[in-house]
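Chain nomenclature is as follows: A, B, C, D and E, assigned in order of appearance, with residue numbering initiated at 1 for each chain independently.
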């Protein structure tokens, strides 16, 4: 563990989330432990279906049936989010932490104007006059770089990038400590994506909130995140400084990932990717979940589940690093 | 506004098609109204008289069918629906005027109550997904909705009117009273309308519960509902403004369209409960081949449904900003 | 009349998980796994058995006028006798045949028409779609019972075929609309485009690529139409637009009503066929209800950890 | 004053609200035009009266608006003396002018002439101050019933302004009747006692309510629940349903008023064969049809064609017994065999060419009792070896087929008013003057039966006022019907009539048939309403 | 780097001339048209992989569909080995063409019918395009094809339903179907965009190997420039229904001439590139081209826009060997001495 002087803002311990289905429980998040420090940008990457969104929603306590937290703790500024009731959470939400979702088209209520949706958030937590709400809304819109006239617009009248910005404006309404983002840019094309990422980064520097940023785009986080967690089949397999992870990936899966995407610069080199395909979470392989695809598989990998092992500043879930 | 323009197109085309069908259908029916009149007169009219009546009706007109069609369209537009054979010599307009308020009142109120109730129950049922309420209510009402209207009406009549005597045996208000604006009269109307309305509500509420429940469940899974929860909004506000408002939108037009079905059912209810509405009049018009009355009734009913659809469309346009601009 | 709710919502998607036996197999599996569907199928199956075995289990000839009139239920006449001295129980058993025939016949007919119109509208797109859609909506808003009465009288024939025909004419539009919506959503699915690019003919694509993917919806529409047919036929027969000499539950109700059975102290005569209609209708409604869950997994009952 | 048979001396108080219970099948249109066939049931009698009341059940004639009448010797002129002292309900005096006006109005507007008075009349004129002379194209004694008994007299001072009396809506009726219309809504008409009615002291009842019932069932329920006192419709299982509810006070009486027949199209082979017709007449169990099809309420008919018991005095019992038409399978089969038919393997007889004795029978689908009756007939004839296939039609196409002769067998009655003696119905059913060739509309005699002897008998009847001679003529008619079987009367249509003696007395009964008792017997219902009084 | 190795070109398979496709917006009475593809000249040669990149909605798929004869062009013509497609009419000829130019789709989940075994599509393709094969022969051929795309044991795979396969496996089935037709050119419309990173590269490698082994050309549609670079020979950059730039991949990447290409390249995050976070200003959305007038469609977003850009639609100009761009502002390197090293991209602009 990376020891820090101050307590982390968010601490996730051994979190497990199950989907209860006809064919039994699917463990979509399996003993995940994470921490997020104040003002930090934590990237979480992993292939689709590896449980990233589930993890995020579990942290935000937004899971709905059939998903449910099976075990584990989530400590946020010293409060245990897991044991809180809905009504206790209500006062916590948005003021302390807010959420930005993948597709703003779906995350914004299509029948309410942006302004109304902002007002809803204010009304739920603060007693402000109409005038105050308006002023604050306009201010927020300017912060994220949208003309405040769009407060009166409905979501469908805005472009994808503007919607995402409006979402971010909403998320910053109370300048929370933590903003949780689930692939906020994946619906945008590269140019818009780039512009939005820059904005997020700039706002983060300005307001000092911490961010959990989920994506499956390795390249994207490489430039923006401070620390990186790599997920595979419901588990975090490697956590570390982004720079470090990219420069020297340790888990065989991470190594494979690094070899999976071509680049537009540098020499052209043949890439191999990772043979095989990600496991079905309803029937995960025994032992290490990566072992069927792992080039370094050992007999022990097939029966035993690896734990986290520290190597340099990183944590790796692989027996290769079991000292 | 192209959404409303398209709906208006639908409105007028349907109206025109109905008018035309109205014109064609009775004309290809066998028999003629004078013969039909015999039935009305319990056969106690001499054939000579029938001949005379035929002439009086202008039935043996020898205008071309196209001329007749134009004439018909013109008359309809100017509100001249002709004379009823069944209720000779009463103008069709008067026959309809007499029954319309009752049918509209009964069917309209019952349908709106059913829709409102069903929507509310469906909403709650989806909101409390998996609760006892949700486990019992929808299936029970779904099964009830498969009951024949008229049969349920008969049972109610037997149980609550005939055996227990809680409700009257029929009519829209006390027999000897005349229509007036007083509380006691309003009370009578409610008392008389209760059983027929109950029949309609009970058999139609299930459909709304299910539709609303299903759309609501789909809506509840939407990100914006999750987002609303994340924002820490109060559950009531989420249920009504975020999930409910979006879930109800697609049902509005469906609701209006289904009015046609309800009106259809009302015919049977009116017969069972001896309720003085249009439904029964229509059946009679058909039996006596009363072209004019039949056409106008069918037109009225379709128009009522179409207007309701149009109203629902306008409401949808008001409630859903997306429809206002695009297609 | 049943209220059938029409929504503009995108309909349920084609099943994402398909069993080994292909389209129909998956529908069958979905049905047998759903408790509501099982209950519905059970009742439906019971009626089918009764219809087939009617001559074997019925104690008397349902047409024979040989008994005393309006007998109360007894050992000899489980449900009593009619106003003309026929055995009600035997009539009920034999009546199952025609009632089922109407339900299934009209259900099939309406489904067929809605498939043809709905799918071709969606597949053709453009102007034909616009008009077919208008046509469908037109039939959807027309008040059906009046229309049925008018058509029924016009045809001036009270035979079974006419009754079924009338129900089909007034009952196809709802399914067509649903099918069109789903076919539209399928239209842009890439496997159809793949088939087109592969060089398949349109008819092949419609019949072998689109339809199998809508099996679940088509079956659902069939049961919906059957439910509608049961109620519509009962309504028509009740007001005397059926063939009074035929033997079905609706006609039984008509006779019971004509004889004032309910008030004349023979409520069983009204109750029994009414209950059968309600039970068959309820069975179809349940199956239909279950299809919502089969087609849309999101609607399935939520499980809770014990 | 007219005697209305108030034979009891007890003082009858004036007052009470009586409710009529009669399926009208429609809401009231509040039109009180007695010359409009679809609404005259709400005005003729109670509001507008005839010249003479002629009891449908027994031909008892009571002077009404006429205080007397007289036939000329050749039965071609009829002179009425008009009653004086009668006032219209608006206070104006009633006079012979009104009578002349009314009849000439009908001449001018044939659509209003519901009884076809002018098919026999040639003129109606006033004579002196209070006499009206009617001349006829030919001897027309039986037409007295229509002209004097069934034609309403309307006030000239109001009706002379009407453009088309047949279709003129009359919202504020003015008549001479015992009641005036006081309020009308779609669901109820309220009639109030006319205090200046010409029969002093009458009526007893203060208010009559006439609700509109769309269908039989609610009407029956209403009656059974005691909410109405005077019913006029078919009630299934009436003994439990109605009488059982209050055995002491609830009563019914169903006097027969017409025949319900199997019409045989005599132009269709082998129905032109007398033996086949006779075999069929022997093959029908009229008692069973009456029991099963009509709950026994409509009694079995008899092959003389004369209603029993209504017109029992006209029946030639001897002859009827000689033929003894009742279910007799052997006799029926014997008749067929001797006529050259033989029984096929399917149990149905065929002629020499192998053509089966199989007929379709048209019927009205909406008349459930008829449909049931035909089922019984079908059952009966099957035993004999004749196949009957019911074709249940919409009323209009049924009539179309019936009138134009486009049928083999038909079930039903003749579509003209019954009259106070067997003459009316039998003439309309069998006189060749009422028939037409196939494809043309026949006014009666739908079976296209032609028999000059029979026609002659009817014609003679029309010329005589001598009762004995009339009876004799009808007996000859009966003989022909018995032998030739041009129609097969199966059951007898009745006047449905239920009444409650809980609050009201003075009802017509079997023993005191002072009027045809159904509320829809026009104008007899007026007479009933004049007799009935509230019990104190 | 003018002397970049330009692959020796084979015969021309497909050539489009002024290819245009418009879509009517709204009802059938509407007079508004969406210009999905406008005036495209494009050629694909034997044994060549052409990558078509551009943002969403720029008309990439529409081009593929036009070539695949799914849409009819509004204007312009497509030539297949010199023969205009408009003259390919009879069912036999159309089938033959379809056999030569099959298509592989983006969505491995959507492009296989869920109700049929995966063999269905392959067998149908064989039946339609390989009339010579018997039933038995078709089965053997299907197995061979699955082996060719790396699905072994082939027999097992043929009997499976799509839901039993992973995304990468499904996409390989898609390629096997295309191969069943004996193609000259496969139109691959974003064949990997919905695959997981770790499987994606395997499919790209499959394309490369098919070209190598079976000498099949590809039109590879993507918006991932890096993957285009990985497999393609030539790169065509589209913007708003038109070709902005086209040329040998490495040359375009090294010397982007069109400002849009430059913007695109600068936005691609590359973990292997040095981290720099230049604050690019506000970026507008790409336009939906509804009834456009004359003028460059990129001008609103272009930092270098000049007057002419709003008046005249730029045409493709040859600016470097085999490398053209449609920009009024970009300068040609053909006459001027080429920059010695890959340097500041703005250098190529005035």
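The working rule: a residue touches a chain if its C-beta (ideal position, glycine included) is under 8 Å from a C-beta of that chain, and two chains touch if they have at least 3 such contacts.
Because the structure is predicted, anything quoted here is derived from the model rather than measured.
K.L.:
If each step moves to a chain the current one touches, what is the fewest number of steps from chain C to chain D?
P.N.:
Contact-graph shortest path, chain C to chain D, evaluates to 1.
K.L.:
What chain pair shows the greatest number of contacts?
P.N.:
Of all chain pairs, the one joined by the most C-beta contacts is B-C.
K.L.:
Distance-wise, how many Å sit between the C-alpha centres of chain B and chain E, to the nearest whole number?
P.N.:
56
K.L.:
Could you state the distance in Å from the CA-based centre of chain B to that of chain D?
P.N.:
40
K.L.:
Distance-wise, how many Å sit between the C-alpha centres of chain D and chain E, to the nearest whole number?
P.N.:
About 91 Å, centre to centre.
K.L.:
Send over the residues of chain B in touch with two or more other chains.
P.N.:
Only 30, 129-130, 157, 162, 221, 271, 287, 289 qualify.
K.L.:
Give me the residues of chain A that touch two or more other chains.
P.N.:
Correct list: 65.
K.L.:
Spell out, as numbers or ranges, the residues of chain C touching 2 or more other chains.
P.N.:
In chain C, 153, 156, 257, 263, 302, 304 touch at least two other chains.
K.L.:
Which residues of chain D touch chain C once you look at their complex with the stated criterion?
P.N.:
Within the complex, chain D contacts chain C at residues 216-217, 220-221, 224, 235-237, 240-241, 288, 291-293, 295, 365-366, 368-369, 371-372, 375-376, 379, 390, 392-394, 397.
K.L.:
Give the list of chain E residues in touch with chain A in this complex.
P.N.:
It is residues 55-56, 166-169, 196-202, 204-205, 223, 225-227, 229-230, 253, 263-273, 275, 277, 279-280, 282-283, 285-286 of chain E that touch chain A.
K.L.:
Would you tell me which residues of chain A are touching chain E in their complex?
P.N.:
So the residues of chain A touching chain E come out as 47-48, 145, 159-161, 189-195, 198, 201-202, 216-220, 222-223, 246, 253, 256-257, 259-266, 268, 270-275, 277-278.
K.L.:
For the complex, give me every residue of chain E touching chain C.
P.N.:
Against chain C, the touching part of chain E is residues 27-28, 65, 68-70, 94-95, 98-99, 102-103, 105-107, 110-116, 121, 124-125, 128-129, 161, 163, 174, 177, 181.
K.L.:
Looking at the complex, which residues from chain A come into contact with chain B?
P.N.:
By the definition above, chain A touches chain B via 57, 60, 62, 64-65, 86, 89-95, 98-99, 101-103, 106-113, 120-121, 124-125, 154, 156-157, 170.
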